[in-house]
Amino acid sequence: MSTAYRLDDLAQRVGGRVRGNGERSIRGIATLDEAGQEELSFLTNPRYRSAAGRTRAGAVLVGAGTELSGPDLLEVDEPYRVLARLLELFHPTVPRAPGVSPDARVADDVRLGSDVRVEPFAVIGSGCELGDRVSVGAGSVLGEGCSLGSDTELRPRVVLYPGTRVGRRCLVHAGVVLGGDGFGFATTDGRHLKVPQVGCVVVEDDVEIGANSAVDRAMLGETRLGEGSKIDDLVMIAHGVRIGPRALLAAQSGIAGSARLGARATLAGQTGVAGHLELGDGVTVAAKSAVLGDLADGAFVCGVPAIDHRRWRRSQALFKKLPELRRDLRVLRERIAAIERRLAGED
Amino acid sequence: MSTAYRLDDLAQRVGGRVRGNGERSIRGIATLDEAGQEELSFLTNPRYRSAAGRTRAGAVLVGAGTELSGPDLLEVDEPYRVLARLLELFHPTVPRAPGVSPDARVADDVRLGSDVRVEPFAVIGSGCELGDRVSVGAGSVLGEGCSLGSDTELRPRVVLYPGTRVGRRCLVHAGVVLGGDGFGFATTDGRHLKVPQVGCVVVEDDVEIGANSAVDRAMLGETRLGEGSKIDDLVMIAHGVRIGPRALLAAQSGIAGSARLGARATLAGQTGVAGHLELGDGVTVAAKSAVLGDLADGAFVCGVPAIDHRRWRRSQALFKKLPELRRDLRVLRERIAAIERRLAGED
Amino acid sequence: MSTAYRLDDLAQRVGGRVRGNGERSIRGIATLDEAGQEELSFLTNPRYRSAAGRTRAGAVLVGAGTELSGPDLLEVDEPYRVLARLLELFHPTVPRAPGVSPDARVADDVRLGSDVRVEPFAVIGSGCELGDRVSVGAGSVLGEGCSLGSDTELRPRVVLYPGTRVGRRCLVHAGVVLGGDGFGFATTDGRHLKVPQVGCVVVEDDVEIGANSAVDRAMLGETRLGEGSKIDDLVMIAHGVRIGPRALLAAQSGIAGSARLGARATLAGQTGVAGHLELGDGVTVAAKSAVLGDLADGAFVCGVPAIDHRRWRRSQALFKKLPELRRDLRVLRERIAAIERRLAGED
């Protein structure tokens, strides 16, 4: 049986206010559709307003000023952030037992911090350094001379090519490849000569990288993922790219070689950024867009090529009306022809 | 030497009709370009009509009423479906020997059905349940508490995060990651706080998932792939998504968090569906499109954002003619100016 | 300490000319921003002209006729190609020690050439053939009957399904899956019947394939990657596709089933090619485009669907101006109405 908390106890922990019965007992968190009387649900996205209206949840976490009849309310200023804290409270992370599996292969000269965990069939190459409480998932492979900062976790089957450096408190999901060769070829007479990729990948602290993403090493120097950046699944980051700090890259986005993204860039899903571009701080790229030119700080762009999102929206609205625009044009042509015929008749 | 079948024997097995020599001996199936006299080829796509005209195949599988001179014809109502059956007949699946490799690591409390196969370097965590005739490919990793229904096969290097449930008769290809963390962060003052992802992934019966695809676990509750759904390579399915039954998701498509797709949705290649949307039954999304709004049953959409495919087609045809449209506009402007000058001269 | 070369010695090796001090000692290569007095930098992309102007590099590799004051210049005809050679000179590939790890599982009947390397936890199935100096990375899995030509290297965690054939001097990066089942289903009454995929994948000589890409086996016959083709990360190549020789496929591009690409096709990032198409030799597809029809030799296309890139560019420029076009249309309508009113008043 999971621990129960009184609603007003939860409110106190997160700096919120109860509207309703503060003595209600809460044993867990669940979605609006699935929550019952002893569960707290949440309304953090207005799309789910009507689902909230029919929820059977005993209590609902809401933003300040939200009106909702029926359940007790736990009102807070930043409901999504508070939800994160409450999820941690009800689902505390259980630290996994440290220890190097006898089925892992760790080179003799690897430096291991305290309480390191290495799961079966992992391979850790010569010269690697793993900080305290690092965890390396089953089947992961670290080439020579890699480093992982303390509290960083590699889930199963991560590959780090030689010389990859990952900071502290990073989380790298299954299937990620860091440090593969950049896509660089010099083409002469139709033949593609490989340009050696002798740089590396550096991942700063507090970065998360989603399943099966790939980050290529630089031709020279570094590909660098800035502190606090969060990268979703199946993202591709090419050689020599620099992002962040605190970039958000949604699934299946891709950044071509040597592009630089400023702080807190947000790339929505399936977006692309062309090579060698400079994007300022706080840039936002709407889903499915492709950035083909430099962007100033704070730009919010959309389309292929990406342009200011308001301008794109106006043009896109007219794209849908192109058949009507052409019809209007035809009508005007006929009216003009009628006028011309009349004037010709006057001659 | 492979088994030979008489053409009329094949016809009887699949409920078809022979037009030509029913006694012809068929030893295999091959493409129109490569088939010889003892082989059956097939014409299931009209694009290959001319290739069929020059084939050296002894016999060709065709749909009812297809005219083709030269080879004998095996005429059936659903040629592609019959092709599937005939491929199975000539290339029967050889069941692989069951047994748990001594090089696999299976936790003590894992429950194994009969005739289970676990290949080398697979890791199966505590509390997992594997049904009868399940096969786990080399290097696969199952976290704690996963379940695989009978006759399900994981190809090499599949990763299931803890708590992932896969149904019966599923086929999961190499490199797939099921149950990775959803991409959920609460951003305050430019910092991204991880929202714990404590839900799971449920894959129903008869689902196939292509190489290197990724399906994220729900924040709460389930990400669910409905019965009979077929998913291609490098597809990304985000946290809390529900699809199917019997969805078809082509390569490199992606579905953002909490979107719901009805039965038999078809997403063509490189499509995207935005988060929190509701798509009805039988929806079709054309290649490279992005769905940014809810869709009714049977919708067939195209574009970014996706609109009705006929409307998109008309607008797209005019997009190509925008230079002509502008030229027409200029011509009209000149004609109007001429009229205005003439009328001004009359004053 | 790395080896030093005199600048005129480097010039002689690559057939270049020194403009400046040929006796300058060069110990390495670095980017314009990072190079110091004993390093050679390079200006191979005009975007970095201003960075070159402020570089502290002792010498800079440039194309013929480039003007740049300050550093000594090493002038050559093909600077990017020469850069590749110089990177090799300063960063020579260190061959890894051959040998089959005792932690690998190699079937008894596998034929190994000389100096083969097989890393830990690799699995090599029955009937495989590995040429001389082949290297198989940690955790890779080769199904039955695969072949790897001499000097081919698989990085860690590559999966080859049974029967995959890879030529000589190929480089396959981590996470790649070759030979997964093609996405073929015959749908009747809403159910998807799997069409057996009994063909194979053939990779010709000198092909490179980037991290986490997937190439599916043909339903029948071959999926074939032509000689000298270079494929980036997260690329998807479907069943029965043929590309090359010498194709360039940038990251996250995808080719649907049975499409044929001629020699030297270039697909930019996030492009797609629909199924069953024929693309001629030397075709170029601009980033984010989708090819939905056959293309003639030398076509350079852009857009969704992809059209001639010049035409697309003109239309796209007008797309941005659609609001102005509509405004112009309104102005003309008003002028016409004014004329019509005037003429009506004359009656």
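Things worth noting here:
Lettered A, B and C in written order, each chain numbered from 1.
Quick note on the criterion: a residue touches a chain if its C-beta (ideal position, glycine included) is under 8 Å from a C-beta of that chain, and two chains touch if they have at least 3 such contacts.
Predicted, not measured: the structure shown is a model, and the values here were computed from it.
With rounding to the nearest 5, the Cα superposition of chain A on chain C corresponds to a rotation angle of 120 degrees.
Where the sister copies chain A and chain B meet, the same residue numbers recur on both sides for under half of the interface positions. Taking the mean of the C-alpha atoms as each chain's centre, chain A and chain B sit 25 Å apart. Multi-chain contact residues of chain B (touching two or more other chains) are listed as 121, 139, 157, 175, 212, 234, 252, 270, 304, 319, 325, 329, 332, 336, 339. On the side of chain C, the complex with chain B involves touching residues 105, 121, 123, 139, 141, 157, 159, 161, 175, 177, 180-181, 183-188, 190-196, 198, 212-214, 216, 219-221, 234, 236, 238, 252, 254, 256, 270, 272, 274, 276, 290, 292, 304-305, 307, 311, 314-315, 318-319, 325, 328-329, 332, 335-336, 339, 342.
Note for the complex: chain B touches chain C at residues 29-31, 34, 45, 47-48, 78, 80-81, 83-84, 87-88, 90-91, 93, 103, 119-121, 137-139, 155-157, 171, 173-175, 208, 210-212, 228, 230, 232-234, 246, 248, 250-252, 263-264, 269-270, 287-288, 304, 316, 319-323, 325-326, 329, 332-333, 336, 339-340, 343.
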